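Each chain gets a letter, A, B, C, D and E, in the order it is written, and its residues are counted from 1.
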Amino acid sequence: MLTEFLYLMKAELMITIIIFILLFLKLGSKEMKAENMLNFINVLLVINLAAGFFNIPTGNLFGDMFRTNELFTLEKNFLNFGTLIISLQSYDWLKNHKHVPEFYILLLSTLLGMFFMISSSNLLMFYLGLELSTIPLAALCNFDLHQRRSSEAAFKMIMSSAFSSGLLLFGISLLYGSTGTLDFHELTLQLNDNSLQIFSLILLIAGFGFKISAVPFHLWTADVYEGSPVAVTSYLSVVSKGAILFVIVSVFYNVFTPVANSWYNMIFLISVATMIIGNLFALRQQNMKRFLAFSSIAQVGFILVGLTAQSTEGSSSVIYFILIYIFSNLGAFGVISVVSAITGKETMDDYRGFYKTNPLLTWVLAISLFSLAGIPPLAGFFGKFFLLFAGAGKGNYSLIVIAALNMVVSLYYYLKVIKAMFMDANENPIEKIHSHWQPKIAMGICVGGILITGIASGAYNYIHSLLK
Amino acid sequence: MNLSLLIILPLLTALAILPLKASKQVRVVSLVGASMQFILVFILLYFYWNERSSGNTSVMLFENNYPWYAPLHINYHVGVDGISVAMILLTAFVVLAGVLVSWNVEKLSKEFFFLLLLLSLGAYGFFISLDLFTLFFFLEVAVIPKFLLIGIWGSGRKEYSAMKLALMLMTGSALVFVGLLGLYFNTNDGNGQHTFDILQIAQMNIPVSIQKIFFPFAFVGFGIFGALFPFHTWVPDGHSSAPTAASMFLAGISMKLGGYGCLRVATFLMPEAAHQYSWIIIVLASIAILYGAFATMMQTDLKYINAYSSVSHCGFVLLGIGMLTKTAITGAVMQMVSHGLMTALFFASIGMIYDRTHTRQVAQLGGLLKIMPFISTVFVIAGLCSLGLPGFSGFVAEVTVFMGSWQHADNFYRIATIIACASIVVTAVYILRAVGKAIMGPLPLTAEGSPPHLWRGGEVDARWNEKWAAALLIVGIVMIGVAPFWLNDLVTPGTETMMKNIGKVVMLK
Amino acid sequence: MNYSSYIALIPLLPLASFILLGLFGRKYLKELSGIIGCTVLLISTVLSLYAAYNYFFIGGKVNGVYPTLTAVKYTWLQFLPSLAIDMGIILDPISVMMIVVVSFVSLMVHIYSLGYMKGEERFGTYYSFLSLFTFSMLGLVLASNIFQIYIFWELVGISSYLLIGFYYDRPSAVAASKKAFVVTRFADLGFLIGILILGFQAQTLDFNTLIQRLTDTQSPQLLAIASTSFLGVSLLTWALTLVFVGGAGKSAMFPLHIWLPDAMEGPTPVSALIHAATMVVAGVYLVARLFPVFHINGASLHVVTWVGAISAFLAAVIACTQTDIKRVLAYSTMSQIGYMMFSLGVSGWGGETGLGYTGSMFHLFTHAFFKSLLFLCAGAVIHIARSNEMKDMGGLRRFMPITHITFLIACLAIAGVPPFAGFFSKEEILFAAWQNNQVIYVIGLVTSGITAFYMFRLYFSIFWNKEKELYDFHGEGTFSMKLPLIILGIGTALVGFIPFSNFISADRKGLPSELHLTFSIVPVTFAIIGIFIAYSLYFKQSDRAQKLSDTLGGLYRSTYRKFYIDEIYLFVTRKIIFNLVGRPAAWIDRNIVDGTMNGIAWTTGKISVLIKGVQSGRVQSYALYFFGGIVVLVLIFLYLWK
Amino acid sequence: MTASAIIFYIISAFVLGAGLLAMTTRKIFRSAIWLLFSLIGVAALYFWLQVEFIAAVQIIVYVGGIVVLIIFSIFLTQQSGKEMPRQSLQRTIASVLAVLFGFGLTFLQIWKYNFQPTGKSFNWTVSKIGSQMLNTSTGGYALPFEVVSMLLLASMVGCIVIAMKAPLATNGTADQQLLKKLDGKPEEELGITQISEV
Amino acid sequence: MSSVPMSHILFVSTALFFIGMYGLFTRRNMITMLMAIELILNSVNINFVVFNKYLYPDKLDGIFFTIFIITIAAAEAAVAIAIIINLYRSHRSIDVENASEMKW
C-alpha cells in the first residue's frame, strides 16, 4: 500500500515535499539570501521536472479518488515544465521580493491542486483541486504588495472565482441530485439528456469557462492579468489554463459522452464568441500583459475548436497545443517579465524601437508571437493547424471558416507588436537589458521548443498514441 | 537528386549568416548560398532532362515520401514535374538576382539576407511539395518575411503596406486552409483513410458537391496571392513600399505561389468544380487584365506602375488557368515564369533608379538614359518584355495563353480572349509613357539650371552587382523569348498530367 | 537546290551585328561600328542578290509557276499538334524581291549614315538599331508562318520606335516614337485577333498550308470559316479585315496614319529606310502574302481598296500644305502606299486581271528607290539648311549639285514622268484600276496630279526660289553621303525597265510586260499639269502661293491641320480613354476595391472600440455578464435549440 | 400540514428574510448581523433535516468563524457606521431582472425534474463520518481531507503575506506617492493601527 | 417531515442562491459582496444535504461535500478578507467602484 502510494502519487508528493521544505526554510531561524533561495528552489524544480519522466505509473488510489496514467503524467510534466520556466523567468523580479518562499509555497500549492484536479475521478476531488489551484492564486495576484493594481487584480480574481465556483457548485449539486453520484464512471452511466442535467452541464461549463477565460466568462481575465505580477500572469495564462484544459479534455471526452451533442453545440458557440471577442478586444490593447490576456482568450477559442472535434485527433491536438502554448506564451511572457522587472515598462509604446537596443530579446518575443499567431515553421502553426484540422473532422466547416478568419485578425495585433519593436522609432527606447542567466536559459528553452516541437513530429505522435 | 537539398541549402545559408558580424561577410555568404542554389537548380534541370529523355514518364520525378505526422496522414512528400521545375528555375534566378541587387543594403543586413533566404526556402518548398500540408506550410512560411522586409527596409507608407500585405495574404492562406481541410476530409483511399497527398487525391473522385464548396476557398485563397481581382489591392501597396529585393521576390515569386496553387491544388484536384466555376474565373481574370492595365495607365509612381501592371499580367495566369485547356495552362505557367523574371528585372531597375535619384515619381524623372545608360537600358528591356515584345519571354507566354483561350469556340471565351489581347495596347501605352518620361526626354534641371546634384558625381550608373543581377534576369528573359521550345517542352508533360484530370470533365479537341 | 545554307545568313548577319554592336557598340566599338554595320550588310545584300538570281534564273519556274520554297523550318513553339509557331524561311517571288529591296536600301542607308551620323554620341547604338531593324525586316519578309510574321512585325515596330526616339532628349521625338508604337500596336491587336481566327479556323499557322486550305473550295476549313459568322459578317471577312487592320497600321493607312508624319522626328536616314522604303510597305506585303485568301473574299478586298484609295488621296492633299519637307515626304509616302494598297484591292487573280498585284509590287519596288533617294536628299538638305522648314531653304542647287540632280530624278519618278521608274509602276496600277473600278481610277489619277504638284512644290522651294544665306557651309557632304545618292539616282532612273511582271504576278505564272502607251497619255498629262502649277507658284519667290491659300481659307487651314485627325485622336485618347476609363479605373481601385478592404479593417476596429464598454473594470458587471452568458446558454439549449 | 412542516416554513422564511435583509440593508454592520441570522437559520434547517453534525459545523465555522472574521474586517476597514453608497439604479434594475429571471429559470428546471424522495431512511453517525473521512479505501475521504488541509495551509500563508503590514521599500512606488499626494497622510497611519478608532 | 415536498426545500436553497447573487451584483461594498458569496455557498450546501438525505441516503457523498465546501468557504473568505484589507490600504476604500482602475 505504502509503496504503491509513493509510486502512484509521485508527482504530487514531490510537490508537497518541496512545499514543506520551503515552509521549514521560511520558518527556520536564518534568513536566506533571495538569490540563494531562488537557485535552490530552481534546482528543486528541475529535479521535480526530471523525476516526472521516470517510472511513469499507472493506477488508482484511495478507492478511485485518484488515478494516474501515462497521459496524466505527461500533462503534469507539462505543468511542471511551465512552472519551472516561469520560475526561471521571474528571477529578476523575485530576487528583490521579500516573500520568496511564500511565493513558491502558494505557487506550488496551486500546482498541486492542478495535479489533483487532473488525476481526479470524482467531482469532489475535482472541485477541491480547482479551489486549491484558485484560492492561493488569488493571493499570488496580490504579490506586488505595494501596487494598487495588484490588489485590485487579486480582488477581482477572488470575487470572480468565488462567484464562478458558486455557480459550479450549484451545478454539481444539481448533477448530484439528478444522478446520485460524484464519481465520474458512475456519472457517465447515469447521464442522460434531460433538461436539468443540461442545465447543470451549462453551469459546469461556465465554471470551466471561467478558468479558461472563455467568453462570456472571461471578463476578469484582462484586469487580473494586467494587475498581477508578470510571473503570476504567465502562470495564470499558461499553467492554470493548461491544467483546466487537460481536465476538460478528459472530463468532456470520457465523462460527458452521453450528452456529447449538447456540449458540442455549447462549446461551438462559446468557441466562436471567444475567438471573436478575444480578438476584437486584443486589437486595441496597449498594455502588453493585457494584450496577451486577450490574445490568450482568443487562443482558447481556437483550443475549443479542437475540443469540438470529439475525436482522438481533437483531444491530442488540444493537449499538443497546450504544450506549444506553454512554449510560445512563456516565451513572450519571459521577455515581458524581464523587461518589466528591470525597467518597469509594460506598454506597447515602450516597446517601440526595442530591436535597436535588444535584438535578441526582440527575436524571442517575435518568435513567440509568431508562434502564437500560427506562423510556420514555428510550433504554433502546427498547433493551430491540428486544432482546426481536428475541428474540421467533425464536418462543421462554418466553425473552421470563422476560426481561420479569426487567425487573420489575430495576426494583425501580433504584427502590431512586431511593428512597434522592429519598425517604429522611439526617442526613449528600453535600454539594453542585462538579465540573469536563468531567465535567458528559460527563454532559450522556449524558443527551442517553439522551433522544434512542430517540425519534429514526435511530441504529437506520442500524445496521439497515448490517447488512442 | 534529392529535392530536399533545395530546402536545406537556403536553410543552411540562413543559419550560416546568423553568427556573422560584418555585413560584408553576410553578403558574401548569402551570395555564395544563392549561387549554390542557382547551380543546384541547374543540376536539377539537367537530371530532370536526363530522366525524361531516358524515358521516365512517371508523373513526378525525384519523389521522396516520408511520414511526418503519421496519425494524421501527413507526409513530407516532395517531387517535381515540369511545372515545378520551371517555377524552381524562376525562383533560383530571382533569388540570385535579389541577393545581388541587395548588395548595398547596410541597415541590418544580416536580418535582411536572412529573411530573403527564408523567403526562398518557402518558395522552393512550396514548389516541390506534393503533400497539401507541406504545401500549405511553405506557403505560409513565405508570408512573414515579406512583412518584415517591407516594414523594416521599405519606403513610403511601409507599415501600412506591410500590414495590408500580411493580412490579405493570411486571409488568402486562411481560405486555402479551409479548402485543404475540406478536401482532406472528403478523400477516401478505399480503406476509409483520408490523405493529403496530391497525387493520391488526383486519382480519387471527390464528389462534385464537395468540390463546389471547397474549390472557391482554395482558388480564391491562392488567388489572393496571385492578385485575383478584386483581392489584388495588396499588390500595389506592398510592391511599392517594399525594398527592391523584396519587391522582386513579391512580384517575382510570391505571386507565383498563388498561381501555382490555383493550378496544382484548386484546378488539378477539383476539376469538376473548376469547370463549373471557370466562367467566373475568366470574367475576373479578364477584368483584372484590362482594368489593371487601365489603372496602371494613371499611375505616376514607377513602382505603382509595375505593381499594377503585375495585376494585369497575373490576370493572364488566372485566365490561362480558367480556360482549362492544355495550351492555356501551359501559357499560364510560362506567364508565371516570364512575369517573374520580367517584373523582378523591372523592380531591380526601378530600385536602382530610386537609389540614385531618390524619387520614383515619373514626373520628377527624365533623361536618365544620358546619365545612367545601363540602368535605363535595363528598364527599357523590362518594359519591352512587359509589353509583350517578341524575343522576350512575355510575348511567348501571352501568345500561348491567347492560343489556348481561343481554343474554345464559344463567343464568351473569345470575347474574354479579345479583352485580354486588348491589354497589349494599353500596356504599350503605360510602359512607353513611363519610358518616355523617365528614361528619355530632357534631364530635369534644378532652379540653378544644372542637373540635380544627387544625380551627378560618384558612380551613377550600375555597379557590378547590379549589372550581374540585371544580366542574369535578362538572360533568363531572352532565353525564353528567343527559344521558348525548351520551356514548352519542360512544362508540357506537367500540363498533360493536369489535363488528364481536367480532361475527365472538359472534353476538348 | 539547297538555299538554307546561305539564305538564313541574310537575316542572321544583321542580327549578329546587332548583338555585337548592342553589347559593345557604346564603349568599345564606337568608331568601328559603322564599318562593321556596312560590311555585314554588304554581305547580306550580295547574298540577297545571289538568292534572287538563283531563284529567278537558276531555279526558275517549275511547271510554269514560280514555286514557293521553304528553305528553313524549325518548330519554335508548339501549341497544339496542328498549331505551332515555326521559324522558317519562305522563298517565293515577292519575298525574294523584298529581301533585295530591304537589304539594298538598308545598305544605302548604312553607307549614307557613315557620313550623316558622324560624330553622334550614340553612333554604335545607332548602327545596332539599324542592324536590328534590318534583321527584323528581313525576317518579316522571309517569314513562313503567320505568327512568325507577327513576331517580326513587332520587332520591326520596336526598332522603328527605338530609331524614331533616337534623339531621346527631344520631347517631340519621344512623343513621336511613342505615338508610332502605340498606334501600330493598336493595329497589331487587330492583326493578332485576325491571326487567331485564321489560325484556328485553318488549323494551321503555316502560310502555305493556310493559304492552300483557305483557298481550296473543297476544304472543310474554308467552308467552316466562310459559313460561320459573327455580327452578321462571315468569320473569314472578319479575319482578313482584322489582319488588314494590322497591315494598315504599319503602312500608315487612313485612319491609322497619324504616326507616320510624326515619325519624321527620327534621324533622316532612318526615315528613308524605315518610314519610306521598307517597314511602311510591310502592310502591303502582308496583304500580298495573303492575297490568295483575300482574293476569294471580296468584302475584305473592298476594304483594302477603299482604305488605300482614300489614304492615297487624303495624304496627297495634306502634303500640298505642309511646310516641313520631311512631313511632305511622309505624306507622299502614305499616298504612294495607298496606291499599292488599292492596286492590290483592284487586282484579280491571273493574267491581265492580275495586273494590280504586279503593279502594286512593282510600285513597292520602285518606290523604295525613289522615296529613299528623296529622303536621303532631304537629309543632305537638312544637314546644310539646319532646318526642316521649307521657308528656310531656297536656291540650294548651287551648293549641292549632286543632291539637286538626284532629287530631281526622284521627283520626276514619283510624279510618273517617263522614263523614270515611277512611271512604269504607276501606269500598271492605274491601268489595273481602270479595268476594275473607274472611281478608284479617277481618284488615282487626280492623286497622281496632286503628287506631281506637291513634289515639285518641294523641289522648287528647296532648290530654286529665293536663295537663302548659309552660314556655315562645309560642302555638300562626305563621299559616303554622296555615293548612295548617286547609286539610288541611277537606280531610280533605270529600274523601271525591269520586266517586272515577268517575275511577279498573283498567279505566279508571270505576265508579259507591255506598255499601254495610249493609256498613259492621261496620267502623264495630269503629272505635267501638276508640275506646271508648282512651277508657277514656287519657282520664283512670289506671294501667289500665299494668296491662293488665303482664297481657299478654311479648306486650306483644315488641310494644313491635317483635317484635324490628330486632334480627334487626342480627344479620344486624352479625354475619353484617360479620363473616362483610366482615371475611373484607378479611382475605383483605390477607393472602392481597396476601400472595401480597408473598410473591413476599419469596421473591425470600430466594433472593437464600440464593445470596449463591456470590459468596464467593475467586477460586478463582470459577474452580471457571466450570469447573462449562462442564461443565454440555458435559453438556447433548453428552449431554442431543441 | 404537520408541525414539522410549519417549523420548516418558519425557518425558511427566516433564512430567506434575513438573507434578503443582509443583502439589502445599507448599514454594513447590520448587514453582517442579518447574515449571521440567516446562517443560523440555515443551521436550524440542518437541525430540522436531522443532520445535526452539519448544523454544528455550520454554527462553528460560519457563525463562530467566518462571520466573526467579516465583522473584524468591517472594523478594520472602519466602515461599520457608514451608510453604504447606493448602487446605480440601472445596475439595480438589471440585477433584479437577472436574478428574478435566473431564479425562475432555475427553479423551473428543478420543478420540472420533480425530485421524489426515495423514502429510505438516512443513517449517519458522527463516527461513520469520522471513519470515512480518514479512510483510504473505497468510499474514504482521506485524500480530499489532505487536499483541503493543503488548501488551508496555503490560504494561511497567503493571508499572512498579504495582510501582514509590509515594510515599504525606501523609494515608494508611484502609486504610493500618488496616494500621499492625494490625502496628505503618510502610509503608516493607515491600516491595522486604526482599529481603536472604531 | 415528508409533508414538506422536496421542491419546497429546493425552493429555499435556490432562492437563497439568487438572493446571494443579487447581493453580489448590487452591493458596492467589498465585504458585503463576500457575504453574498457565503449565502451562495450555503444554498449549495442545503442542496447537497437535501439530496443526500432524501434521494441517496445510502452514502454520505452530499454530507462530505458540504463539509468540504464549508471548509473551503472559510479559506476563501480568509484570503478574500486579506486581499480586501490590502486593497483598503492602498485605496483607502472598500467600494468596488473604486477598484476599477483597470478596464477596456
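We take it that a residue touches a chain if its C-beta (ideal position, glycine included) is under 8 Å from a C-beta of that chain, and two chains touch if they have at least 3 such contacts.
Computed from a predicted model, the values in this text were never measured in an experiment.
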Contacts common to subunit A and subunit B (chain labels): C
Partition of the remaining chains by touching, absent subunit A: one piece
Fewest hops from subunit B to subunit C - one hop per pair of touching chains: 1
Identity of the chain that, by mean CA position, is farthest from subunit C: D
Chain pair, most C-beta pairs within the contact cut-off: D-E
Most centrally placed chain, judged by C-alpha centres: B
Euclidean distance of C-alpha centroids - subunit B vs subunit E, Å: 65
Averaged-CA centre spacing for the pair subunit E and subunit A, given as whole angstrom: 27
Centroid distance [mean C-alpha coordinates] between subunit D and subunit C, Å: 100
Averaged-CA centre spacing for the pair subunit C and subunit A, given as whole angstrom: 77
Multi-chain contact sites of subunit B, meaning residues that touch two or more partners: 167
Contacts with two or more other chains, residues of subunit C listed in rising order: 601, 612, 615, 617, 619-621, 623-624, 627-628, 630, 634, 638
Residues of subunit A whose C-beta touches two or more other chains: 124, 128, 131, 135-136, 138-139, 142, 145-149, 154-156, 159, 163, 174, 177, 195, 199, 222-223, 284, 412
Every chain pair in contact, whichever chains are involved: A-B, A-C, A-D, A-E, B-C, C-D, C-E, D-E
Interfacial residue positions of subunit C with respect to subunit A in the complex: 601, 604-605, 607-609, 611-612, 614-615, 617, 619, 621-623, 625-630, 632-634, 636-638, 641
Subunit C residues touching subunit E - in the complex, by the definition given at the top: 612-613, 615-620, 623-624, 627
Subunit A - residues contacting subunit E, complex: 124, 127-128, 131, 135-136, 138-139, 142, 145-149, 151-156, 158-159, 162-163, 166, 169-170, 172-174, 176-177, 180-182, 222-223, 226-227, 284, 290
Footprint of subunit A on subunit E - complex, ascending: 17, 20-21, 24, 30, 33-34, 37, 40-41, 43-44, 47-48, 50-51, 55-56, 61-62, 64-65, 68-69, 72, 75-76, 79-80, 82-84, 86-87, 89-91, 99-104
Of all residues in subunit B, those that touch subunit A in their complex: 68-72, 74, 133, 136-138, 140-141, 143-144, 147-148, 151-152, 158-159, 162-163, 166-167, 170-171, 174-175, 177-178, 181-182, 184-185, 213
